[in-house]
Every structure is written in C-alpha cells, then in structure tokens.
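Following this line, the structures themselves.
Two complexes, one shared chain (subunit A), two partners (subunit B, subunit C).
Then we have the complex of A and B:
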C-alpha cells in the first residue's frame, strides 16, 4: 500500500521535471559522433577517394546490401567504379565500417532518410561520397600500403626502405 | 601402408610419402609454403615444422620439417606440440616483417595462401617496429601482374617456371635478404604456361592481369565446373562470373587430365564471352519491324525448315548435345560435319586408330609417366600445350628413377633428385619440319619435309616388325636415326608415341599407329597419343555426319536450299571462295552462334547461342574422355544453349525426332540411346534431380556478397533467382555446403583454405584422384586384339615441284584458335597476318623481295601475302600461320603457284 502511494507520488513529481522527450522534428536530438546512421564514403587528407574497392565491407554486410566494382585509375589508385548501398535493406549494424581497412566507409549521425518510394533508398556513389575525412582525420591508406601510386613511389610509404638494388650483392 | 602416431593417435598412411603429405591427406591442417604436390619439397620456407620423437619415451623430441621427412613405420610425431606451433607462428611472423600493408589492394586477397597460413598459425599481431624492404615491380606483359613487395621467398615460382615448365626468362636475382623474383628486365614472360604462376605463387606477387581489369574477389564469383575449349586436351577449369560477365578462369584439379596446371590459352582465352561482338538478340534479314521476339523467330525458323530442304552443319567447337539436336532437327542424312575436310580426314583417322587399334591412348597424367617419347610432326607446345608440359615431365622419368635407385631418394625430394640427375634426360625424339620448344630436351631431332619424316617413321615401324610395303631407301643419317629410335623404343617400358594434325600430313598418324602396334606385338606396353584440332573434334566425329565439301554439292544440285549452321564460322572451314559460293546457293542461312563473325554477315537468321559459360554440354577430348561443362550464369538477352534453340524449333516444327525432349537429361538420354558409342555419357555426372541432403549444390561461395544491392539500381525489389532445371547446381549461394561429387565441384574451398590449395581436402591421395574418382568418362578403350590392319602404304619421298610451293600450316598457341583471339593479350602475342614463310633460296629464285606484298595464285584465286625467309624450310615447302582471323587460305596443306608480279600496295 505504502509503496503504491510512493510510486504515484514520484510519478507526480515528474510533472515538474525538465522534459527528456525531444520535440522532434522541431528540435533535433544531439547524436554522438559514433552514432550509426547514414553511411558515407570519405576522402583522405589529400582529397583522394579513400575507398580502394577491396570488397570487405560488402563481404561483412550481413544483409548483403553493398555492391561495388573495383577499378584502377591511371595513377595506380584503386577506386570503386560504382558503389551502391541499398538502404532499404541496411540494418545500420556498422560491420562495414569495422571491416574497412581504409576508414573509407563510415556511419554518421544522420537517420533522416525516410522516403515514400523504396527505390529512392538505393544510394549510388555520387550520393555516398562526401568531401570530408569523417571521423578519422589524418589517415591515408596509400601512405602505409606498399603499392606505389603516382606521387608515392616504392619505398616512400611510412617505414619503408628505399627499393632494393637487385644488381647489388652487398649485405 | 605404414602406421604412424600423430599426437599419440595411430594412423595408417602410405609409405614413400613425406609427413606433410601424410598429414594433409589425413585432413590435418598443417601450414606450408614451398612444398607443392607437383613440384615436391625443398625445405625452403620452414613453415611445415612438426615435432618428431625417437620413441614412446622420448618426451622432448626435435623439430623437423615435415615436408622433408619420409613416412616411416611406427614413427611418432606431433603437430600440436607447443614448441612446433610456436615455431610455425614465428616463421610467419618473420615472413611478415617485410610484408606490405596491401591486402585491401591485393588481387590475391580472399584466395591467398599466405592469409590462410597466417590465420592457421595464429600469428595475429605484428610486433616488428622497423622498416620494410621494398622492390620495384616489372611489367610482365598482358597476362601477369607483378608486385614483388609481397614475396615470401618460397621459390615456388622459379621452381615451376624453370624446373617444371622449362621457362628461361624468370629467375631469382640478388642475394640474402633481398632476393628478387622476376625477369632480367621488363618484358612479356615467354612461357606458354606463365599464367600458372598466379596459382603457384602462394602470395599476391603474381596475379592474373585479365582478372584485374574487372576485379572480383573469389568469394563474390559464381562458379561452375567447366572444361577448357582451347584445344583437344579438355583441361578442367572453374569459370567465375560476376555482374553478368565472365571474370576469371582457374584450374580445376583433375588427377587424370590437367592436374594443377593450365596453359595460357586456356586460362586467358575466355574474354570472347564478354566481347562487344556477341550476338545477344535474335535477328532476321531483311530486317523485321522492331526486334524479333523469341517466339516469333522460332516460328519463322520452323516455317523455313518445313520444306525439308534444310541441311545442318555441326561444329567441333559445340557440345555433343548441340550437335546431336541439330542432327535430329534436320535428320541424320542432312547433317554435315562442320570441320574442314582435312580436319575431318585427320579426326576420322584418329578415331579409327584409337577405336579399332589395340593400343591405349593415355590420359595427360599417364603421358607424364612415359619413359621414352617419340614425337612425329607435332609442335606440341602450340597444338596441344599441356601435352608438351607432360612430355617435359616424362623426360625426367628415366634419370629420376636412376637417381632414386642410386642415392635412395624419394621423387618428392626435389632439390636432391635434381642435383643427382644433373642435366640427364630420358630418351625423347622429335621429327618435325620446324624447330619446336621441346627440341632442347631431345635426344635426337630431325627436320625435313613431312613426307620424308613420315618415311623415317615408317622405317622405324618396319624395324619393329610392322608389315610395310614399298621401298624405304633412307640416307645414312636417317638410317642411323631409325636405328637409335628403334633401340630406344625397344628398351623403354612405357614408350609414348605422339602424332597428330600438326603438319597436316596424315602419314604421321599412320606411322605412329604402326609403331605403337608393332611395339605391342613385340610385348611392349606402348601408349599412343594423337592430337586433334578442336575441343570436340572427336565427339563430333563419333556422332558422325557427311563431309563438308558434300554440303556445297547438295546446295548446288538443288537437294537443299537452307543451311542451319551451328556455332561455326564457315570461313574457317574452307577457303574463302568456297564458302562464298556455298552462301550464294543458299536461300536461307540460319546461324546459331555467339559472335558476330563473317558467317553471321551472310546469315538470314541469327540466333544467339550460349558460350561454354552460358551453356551445359559435353565434349570429348583427344583421349576419348567425355567431360561435362556446366552453365556458369544466366546471360542477358535471348542467349540460350544451342540445343535449347533446336529443341524449341523442333517442337514448333513438329519434328518427331525431338519430340518430348525438354532438358539436358532428356537430350543426353536420347543421344546415348541413339548412339551406343556415346552410352557412357549417361553416367558422366549426376542427373538434374540429384540432391545432397535434399539440396542443390550452390554455384556461389557462402560469403557471396551484394545480393540485395547488385540489381537494386534496376529495381529495389529483388528478382527471384533463376532456377536451373538442367543440372543439380543452383545459381545462388543456397544449397548443400559439404563436398559435392567430383564432376559437380564448382570451386575448391574448405574451411581455413580459401586459396586454390584447398584442393588437398578433395583428393583421396595428395596429388592423386579426387574423391570418388576424377570427372570424365572414357569412351574409347583399346580393342584387345586390334581389329584393323597395319598401314602398309608408305608415302613417296618429297620432291619439290618447280614453280609450286607446298604450303604447310603453322599452328601457334596464341592465334590459331578462333575464340581465344578475342582476348586482347592473346591477340597481342599472336603472329603476323598474311605471312608466308619460305626457304630463302626459293625466295631468291622466285625474285621476291622479303617484306613486300606478293600475289600468290591458288586454284585460280589470287592472294596477297608477305614472304618471310625461314631457314628451316626445305626447298619447295612454305608455311603459313594457321587459323588467324581473316585468313583466306584455310585448307592447308595445299599446293600453290606463284604468279610472278610483285605488288607494292598495302592494305
């Protein structure tokens, strides 16, 4: 009996508390940076596309809603020829982001993607690629990978020795 | 059998093997790099370490390399011993110190042996904090990509390329911790087997360049078990598709046929499937209003066939099923073999020899075990590439066995055996007009006009006891050669005699048959291998039909007015003027083919046919082995199997002979009932209703990605996946996940084994047969008592005719095969067009300037060609690159006359 009255009293007191409910859409909820929402493809510090078309995100995706085709640019960089995410299937689990070895694919704090037509939830690369490094500034995959691209020759990546002179027998 | 204890569990294993093979065969996961079942062990990588104990009481043991230790009875070893495991983990750790951070951009990723082994050993954290060694790469031509940073110095590449395949231009350079695997300088790798490096190299140093141009990971491809269409050997392949285009061909292990390897024509010759020249919609001339629907066109064709004046032209590059249904559609009496008459003569002779003769024709694997090889008029590397690779192994047999006897080594102790053998080679004799790349291994070679070579071969057969008529006067050197070869043949236990279509002279095959039959009569165990022009030449010949030249006669005299042409560019079957004439008599030409070729230009109805990647079918290789290839994917447009077109047309036209046939099993049933010689094909592979645990066998790996996105650009509603009513394979990733029966394995994969080396898990013996036997059924077994007599007719010695040239065909692995030429890299490596090779003295005598266009007259037709001097050709003999696109002279060999005037204009 007492506990019942106590509960009612506490509930009544809440009427005078500050509201926890956001008056969405007039008022936006402050989302943390690591909130898993709309997926984007980011760029490296030099402005180059980060995605190298390795297909790991596609393989990690539990609903198989990512598909792409890897290609190679004349400067030696790999990139996705097309990159498609079917957001009507995506469950925003973030596995793709976890799988990505280049920090290219990232989930961002935006969930406002509702559409009347499901077809509009199919995003192509032009709708995915943004002009920013996203959550991981400073990372440049090609600066640590061994592949040479124009502007970064063999031996110029982080912690690399200059290329071996195969004609030399010196130790 | 020996009993060994692995981690205290007793196992029965085969003696003579090494411990690594034994462990792998028992299904244990033991990492390795440098050992390869076909290349043997060298103990270079130290990855396969295990513990070996003296006896039961030995608790300490010592670390040994399992690939270097033979199996001994009652031996005790441990794979899981903590010291051994940590040793293996450290080895990977060291290999990884210099490994680039490349997996994301590495084409090996997802089928990388190094990735697999790293995971297997548990090395997961890089604790090396210093700098990495780097290398410059090389441009190795159109087939292979080079990324040296990824090398782990296992030496497999050079061991395959140089030791196994006899290549000269790949080597190891520099020293100690910066050895380099590559060429002396940038340039195309010369070996015809270079593509195997992509599979032999356990890392991403060598990767498939054609794959790179439309890169797809292994887990993302839809695969089907398939058979190479590049030549008559029928190597087994897995073909992979993604987004509606064929992406890659990889080896599909078959212990009897190709083992672990393929030639470059087979591996790279697939790009015609993706060609922009493909016929994808049916068409009708003169143009029908709008695009013709499938129903409309079937009705139209059925109507045109109604008057019964249609003849069918089959194809040696189409499946038995397609040829058979065409034969049923038009009636056997109206069915013509779509091969050139020369090819038909060769193939029917080969069939006669193999079917009626008493000597067995070996599989490729058996050919490797021959201890003496005699090659008559064949440049194998260019006419049957993988057979050349088998001969390269065969010449090692004699010295290898000697070495094994003398120093008590096992064959797998590769480095030691090669050291003991030095440069010693077993007997190999080659009689050919031109130098061949096997010449370097030969005990004896002889070059002359084909007829003269055949005479030598006949003399050998006579010396062995074959009854041969006519005089066989030979010069002194020739006679000495005959004596040498005869002695070597007699001394050998399993001699292999090889002949075929290479010179265009069928006396070679006859002489080869004589030699082998005589050897058999003398108590020997010879093998006889005959090369054939195309992937299904033998199958088509077994099916039977009229000669090609009689088709022209039938049209000319009005017996027929409509041609139904199956997967065939007739301009490759006879000289241009013959085919032009043929078409001029035909009211209707109905062509069922893949590519828009010269014949298609003359067709009145075009029906798009599925290539090997889009069709199910059976072909018969030169050994008489029927093999099934399966559709990889459902193509866009109206493309379907040729036999399906014929079934639908037959149904519409009410052809009784095709009545009630609807799918592959029906056609196979009808075919095997109608033609008893093909009966074993009924048991070639499981029928369409075969299920494992109630499920179909998936063509896609279980981690196939993008299913709900790949077609979402067209419609967000995923379409229902296509059903396969013809086979027990499904077009999706759903289905039975265990091991499929050998003929149905789309790709090799096992848990923890993503690279092609997963095949270990599918073999009943490492490097032996697949579980349940290798796929394919032999249709020809030797006739015990040999029902056909010896060939007694000896050719006359060759005499050059003044003013005339005898033109021989010159086959080339890159260029002579029609479809592979649609691959850019293969076309790049092909020979020049319109070249005629002549003896320099002939060129002089005829007053021709080399390198200038010259008019040649053949049967009243003029051809412009460029003469190139060739010192190997005897006087009066010329040669032309056979099979190149746009060649106008097809019927080789033939005699041509030189018309005199030099023409300087160029095309």
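Then we have the complex of A and C:
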C-alpha cells in the first residue's frame, strides 16, 4: 500500500520536471556529426569530383538503391556519367560510405527529405554532388594514389616514390 | 421554467466536461510523463476535443454481421443514460440540483448498478470472445465492488442521518466527512475507480490482454458513447466524493458554492488521471481477492465502528 502511494507521489513530482519533447518543426533535435542521413557526393580540395565510378557502393548497397555509370575524362580521370540514388529504397545503412575507396560518397546529418511524389525521391547526380569536401577535408585521391593522370605522372604524388626502372637494375 | 434551465445547464456542462476530459487527460498524462501532449490545434491544443469529436462522428458506424443488432446498438446508450441519471441527484450548489430526492444516495447506487448492463450487453451482443471475456470481468468486478461501495456510504448516512445528498452536504458544515470517515472515503474511492473501470482497474478493457475488452467490436459514435460514458463516470465519482466526503459546495464565502464544487471535483478528476499515470493493472483474481478479502471486511468494520461510536455519543 505504501509503495503505491509512493509511486503516485513520484509520478506527481514529474509535473515539475523538464519535458523531454523537442517541439520538432520549430526546434530541431541536435544531430551527431556522424548521423547517417542524406547521401551526398563530395569534391576534392581542387573542386574536382572525388567519385571515380568504381561501382563499389552500388555493389555494397543491400537494397540496390544506387546506380551509376563510369565515364573517363580526357585527362584520364574516371567520373560517374550518371549517379542516381533512390532514397525511397535507401535504408541509410552507410555501407556505401564504408565501401567507397575515395571518400566520395558520404552520409550527412540531414533527414528532412519528405516528398509528396515518390518519384521526387530519386536523386540524380546534380542533386547529390555538393560543393564541399565533407568529413575528410584536404583529401585528394589522385594526390595519394599511384594513378597516372595528365599533370601528374606515377610517383609524383605525396608520400610516393617514383617507380623503379627495372631495366636499370640489370647487371 | 427555472427547472428546465438547470437541467439544460447541467447537461451542457457535463457533456462538455466529458469531452473536455479527453484534452485534460492527455495533457495531464503528458505532464506526468515529461511530454507535452496535444498542443498544436488551438490554444493549448484545446481544439483536439473538436477534432476528436468530428473524427468519431465521421468514422464508419459499423455493426458486425455476427452481432445481435438491437442489443448492440442499445448497449452504449445505457451507460451514458444511467450515468447522466445519477447526476440528477447531485447538488452542484446550494439551490442547483435537478431532483431533490430524499433517497438520492440510493438512487445513485441504483443507477450506477444499471451501468453494468451496458458492459454485459455490449460484450454479449458483440458475439466476440474477447468482448464476452471483458463483459464477464466487468460484471463481476462492478457487482462485487458495488457491495462495499454501498457499505462504505452507510457511514456517511449514519453520521448525517439522511439519504438526501443536499442534507448530507449541509451536515458537513462543521467538519467534512473525510475526517471522521477517512476509511470510508478510501474504500469509496477505490470502489469508485473499479465502478468506472478506470485504470488501474480497467480489467474489462485490458488492452494488453483483451484487445479492447467489451467494446472491441464498437466503432464510430457507438464507441464514442462508451468513451463519453467512462469520462462521465469519472466526473460522477469525483462529484460524489466531493458531495459525500469533501463538503460539496461548502467553502469560504469569497467564491460561490458552484465554483467550490467544480474546483473540488477537478481535484478528484486529476487524482483519477494521476492514478492512470502511475498504477499498473492488477491481475483479475488479485482484484477480486482484494475486494472481497480486504475491502469488504474493512467496510463492514467501518460501518460497525461508526454505528457504535454514534450510538455511544447519543
């Protein structure tokens, strides 16, 4: 009997507690920096696209919501010809971000993507590509990878040595 | 002429109170659960009442093909009618009461007993096992708690020497009956909660076990009638607690009697909501055991002690 009255009293005291609710549209909940929300394609510090069209994100996607086609620029860089994410299928698991070898595809803290028309949830490349380096500022895939593109030969990247001429090692 | 004004006024206030309790209950529950509750539509979310009522009216009023149609339609009306009938004997103010019956208390007990019919008939006519189980529980719960509900009230009758509710209130001019009849007050409160089958004694409905209990098959405004009946029942028991134990309309003179009555009633309504916010539902057999083995002897004891003390003081 006493415990019942005590629990009633304790519940009554909650009248003077702070309320936990966020008044959502007016007052946004603080999202963690690593929140997995809307997917974006980022750029490298020079403003070029990071995506090299390797299809690893599309392969990793458990719901097959990513489709893209690789193309090659005259300077030897690969880029996605089209890049399409169907957000009505996306489950925001972040596997694409994990799979990406160039930090191009990233999930950002934004979830307010509601649409009246389902078709509007299919984002094309121009909607996905943002003018930012996202979570990895300063990272430039071509500056650290051993790829030869125009303006940068093999071995000229940072932390990289030029390839050894195997023939010069011959006795 | 004056008479009809009182009836109309009481009906108007009661039905609006019952509807307003939708809002009050949700806001109070939210307050005690650290939430806001409905706060969007209108000032403080008050228009949620309007929205809820409109929604109930526009819902499909469905009668299941396997139901006993006449009884099915009739049952929800009984609960509202019987509770509203009980209100006729309650003195809201010094001169504001619909019927000044000299057996007012007995009339209240009779009418609240009739309320059980709506549950039993509703559950039976639904032709659904969960509804029937709920109705069965409701019947046994209400009938067994009614026994000592009446028994607890006899203490008040002994002290005031009358079944007339107005005279019972007048008899509390010196001291509210909650002081000499505290045990009776507690027993009547518990029995009243069981009588209105509110939480924690909402065993006839018991969402977690019986879908929605006796009103599983009801929809639209027929469900709304059960809903309104429940809120009216809460108001009725609160009003009875005020009338019988807390001095009715009596209070300091700076406010009129009706205001004191309404204020006290709202305190008890809030208590009902607090109970809902804080209590777990007892098991069915625990409820019956608690009623018959604890409260029933206690109410008998209370009755006999009161009678002995009143007799020895004479």
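Rule of thumb we're sticking to: the second predicted complex is superposed on the first by the 156 of 171 C-alpha atoms of A that agree within 3 Å, B and C clash if a C-alpha of one lies under 4 Å from a C-alpha of the other, contacts with A are read in each partner's own complex, and residues count from 1 in each chain.
Note that in this section a contact is a pair of C-beta atoms (placed from the backbone, for glycine too) under 8 Å apart; a residue touches a chain by one contact, two chains touch by 3 or more.
Bear in mind that the values here come from a model prediction, so they are computed numbers and not experimental data.
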| item | value |
| --- | --- |
| Subunit B versus subunit C as contact partner of A:119, first or second or both or neither | first |
| First, second, both or neither for A:169, with subunit B first and subunit C second | first |
| Subunit B versus subunit C as contact partner of A:19, first or second or both or neither | second |
| First (subunit B), second (subunit C), both or neither touched by A:53 | first |
| Contacts of A:8 with subunit B and subunit C, given as first, second, both or neither | second |
| If touched residues of subunit A are counted for subunit B and for subunit C, the larger one | B |
| Contact footprint of subunit B on subunit A as seen in their complex | 52-56, 58-59, 61, 63-72, 78, 84-86, 88-89, 101-102, 118-119, 121-122, 124, 141, 144-148, 154-155, 159-169, 171 |
| Subunit B - residues contacting subunit A, complex | 100-105, 109-110, 130-137, 147, 149-150, 173-176, 178, 180, 182, 212, 214-217, 219-220, 243, 703-710, 712-713, 715-717 |
| Subunit A-touching residues of subunit C, taken from the complex the two chains share | 31-36, 274-275, 277-279 |
| Contact set on subunit A toward subunit C in their complex | 4, 7-8, 10-12, 14-15, 17-21, 23 |
